[in-house]
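Look for subunit A in each of the two complexes below; its partner is subunit B in the first and subunit C in the second.
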Partner chain A sequence: MILYDYVLSASCYKVRLMAALLGQSLTLHTVNFHPAREHKSADMLALNPKGTLPVLLDGETVLTDSADILRYLTRDAPEWRGDDDPWLALAADLNESLGMARLHDILQYDVDIDAARAAGVKQLRKLEAHMTAQRFDGHLFLTGAVPALADIACFPNVSLAPDGGVSLDTYPSLRLWMRAIRSLPGFIEMPGIHRLHELEFPE
Partner chain B sequence: MDWVAVGLCEDVPARTVVPRRVQNTDLAIWCSTAGVFHAWGDRCPHRGMRLSHGFVRGETLSCIYHGWTYDGDGACVSIPAHPDLTPPKSICAAQYACRVQDGTIWVALQPTQAAVPELGARRAIRSLAVQLSAETLATRLKQPFGPVITLGGAHDIALAVQPSTDTDCLLHAFAAPDQDRKAVSLALEHLRDELEAAA
Partner chain C sequence: MSRSINDYWYPVGLLSGIDAPHATLLLGADITVGRTHSAYWVTDAAGKALPTIKRFGHLWTCPGTPMDDLFTIPEADTAGRQLVDVGSVRVKCSPLRAVENFLDIAHFPFVHTDILGAEPHTEVARYNVDIREDANEVWATKVKFFQPQAAKSAEGGITTEYMYRVASPTCAVLYKTCPPRPGEWDVITLFVQPLNEEWCEVWPWMALYDDDSTMAEMVSFQQLIFMQDRSILENQIPTKLPLDPGMEVPTQADLTSIAYRRWLKKIGYTYGAQLVAA
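What follows is the complex of A and B.
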């Protein structure tokens, strides 16, 4: 499988993280998204007319949306699947709000920044209320006691919210949820999202 | 205010550190492996990195940046770049008084003789941020301004108010022990929406 990838993209990281947790190997094809705008090159547009990343290539299969790619990677891993559609829709909304606020702040994207941040805060509050209820039931993840596709789809743009000027300081349940994901076996990092430092130094 | 609630103990488990703000002062609240809570200024004495980005090991908190490590009294005990050096006693994280009562972490920014506020026979529900000053919040709730606001009602809710900035609070909510925590949590969401919408 070849992933056309950009290291700072939350949507590409989603795919890398999912594959890592599943123990699947990806051949990364690095696309110079910024500043070269290589995702809009003739070659990339031939592959994905939308001109977006990520793009996954597996034999004849070409997938150009991270939600489809996550479904594809987990097609033989039912333990990661559930009622995924609402969560993938939320993940897409998070990409439009928090994700766009971040691209505004780090890559100068032309975005209505106040609207993007306000929408992001609304979604974070909903997620926090949901995760708080999950914790009342003793669950650490969005859909239960074990991590699922839903968690991996939502995790990157939530974790990177501070890059877009949205603080995560006042979401205690989301912080513990992010911590639970960061401590999963096979977890991988991206710039701005680190593994649990303390795990590297067992006492 | 003497004592200010800054969080629920269950939200800061052993070996974790969280950032909190009280009246524009940034704090790192952390819980050691043995379960001892600390409230420090959120600033590493070395180069000013936020200590809330750091990590807990045993009874110490280490800074994520260059790994300077501070013991439970805030004193620097190790500098990884100079392993043979005993750090001078003057290198010390800013410490604030920190108490645990009713499953809640309380901090006093100034030395105080006052007692930690009582929450009555209630149990902790959750913390939630509200985009209002503590004064405006009390006014909209038609309650006297103070560290704890008792709302009563069917759930017998009490709110410990953490004034974060001049425009934001973090509320720590408590309710009668027989109340369903999910139902109270939902009621709190609605209450926040109403309070923020009321002009």
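What follows is the complex of A and C.
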């Protein structure tokens, strides 16, 4: 499988993370998204007329939507699947709010920054309430006691919220949830999402 | 010897990226950067044309009276190098903080884990630092550090040798062991455009010997490194760079940073600096 990838993209990271957690290997084809806008080049548009990343190539299969790619990667992994659609819709909303705020702050995307941040905060508060209820039920993840596609879809843009000027200090349940994801075997990081450091006091 | 902050050259755009007029900030003032056919220009808020220089793939301007030519990097001109336009990233931090972070080695194992450093190889061995009066630059030489993946072109861990050069208050150049070409230095720069005292646009640029990586891969490697620094930079306290020692306790590893701060104080460059001891 070949992933047309940009290292700073939250949507590309979703795919890299999902594959890593499943133990699937991806061949990365690095795209110069910034500053060269290679995702809009003739070659890339031939592959994906929308001119977006990520793009996954597997034999004859070409997928250009991160939600479709996550479904594709987990097609033989039912333990990661559930009632995914509402969570994938939320992940798309987070990409439009927190994700766009991040692109505004880092790469100067033309975005109504106050509206983007406000929408993001509203979604974070809903998620925080949901994760708090989950914790009361003894669950560390969005849909239960084990990680699911839903978690991986929502995790990147939530974790990267501070890049777009939205603090995560006031969301303790989300912070524990992010910590649970970062502790999963096979977890990989991206710039802005650090790996867990050893907390145990050395003997 | 002291000159106004307006009299230095500052980067304001990538030559390959300037097209339609683009409004931005320099030292807190509105400027516009654009191109008419092959002529690049910068104007201030009143519409007055500012002086420009095209160098290192970037357009540079000076809002005051430039006292010198912009510095040069002769090593970057040697044949066979890949000149890498990395692009820019905006960071909510003092421009001086961005440069100081670029000069620091001790954070590598903790922020750039398994790339530019790794535990337990955290020791920064003694190195030399001097303020070169003739050139009015700060240099750190004989800096050595163990790196798991020093560059896109490096395979496996190597001890990398570095030289750091602060060529202008907001511009630093790093000379680094070149994995495929022993005896040559890779050139990696950090050019900082001060938007205001606590906000900057950072333009990394590189001149590397690397015949194997694609341009996209080299750009991506450097963006990954810089974005690992960004969240640290945005959380530093105090936001402005303190030039006088106070609560902070520098160690031997901080020699370059101390020299940089002393030099800024000496030349009177205090934009983005905190003058009360911290």
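Operating definition for what follows: the second predicted complex is superposed on the first by the 198 of 203 C-alpha atoms of A that agree within 3 Å, B and C clash if a C-alpha of one lies under 4 Å from a C-alpha of the other, contacts with A are read in each partner's own complex, and residues count from 1 in each chain.
Everything below uses one rule, namely that a residue touches a chain if its C-beta (ideal position, glycine included) is under 8 Å from a C-beta of that chain, and two chains touch if they have at least 3 such contacts.
Here the structure is a predicted model, which is why all the values come from computation and not from measurement.
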In the superposed arrangement, which partner chain does A:D84 touch: subunit B (first), subunit C (second), both, or neither? neither
One more residue to check, A:V31. First (subunit B), second (subunit C), both or neither? second
Go through the superposed model and pick first if A:P172 touches only subunit B, second if only subunit C, both, or neither. first
Partner chain(s) touched by A:D151 [first = subunit B, second = subunit C, both, neither]: neither
Once the two structures are superposed, pull the subunit A residues common to the subunit B and subunit C interfaces. none
Considering the complex alone, what residue numbers of subunit A touch subunit C? 6-8, 30-32, 34-36, 38, 105-108, 162-163, 165, 191-192, 195
Touching residues of subunit C toward subunit A in the complex: what are they? 14, 16-17, 85-90, 92, 113, 214-217, 219-220, 223-228, 230-231, 234
Sort out for me which residues of subunit B touch subunit A in the complex. 7-8, 11-13, 15-16, 18-21, 33, 55-58, 64, 126-129, 164, 170, 181-182, 185-186, 189
Residue ranges of subunit A touching subunit B (in the complex, touch as defined): 125, 128-129, 132-133, 136, 169-173, 175-176, 179, 196-198, 201, 203
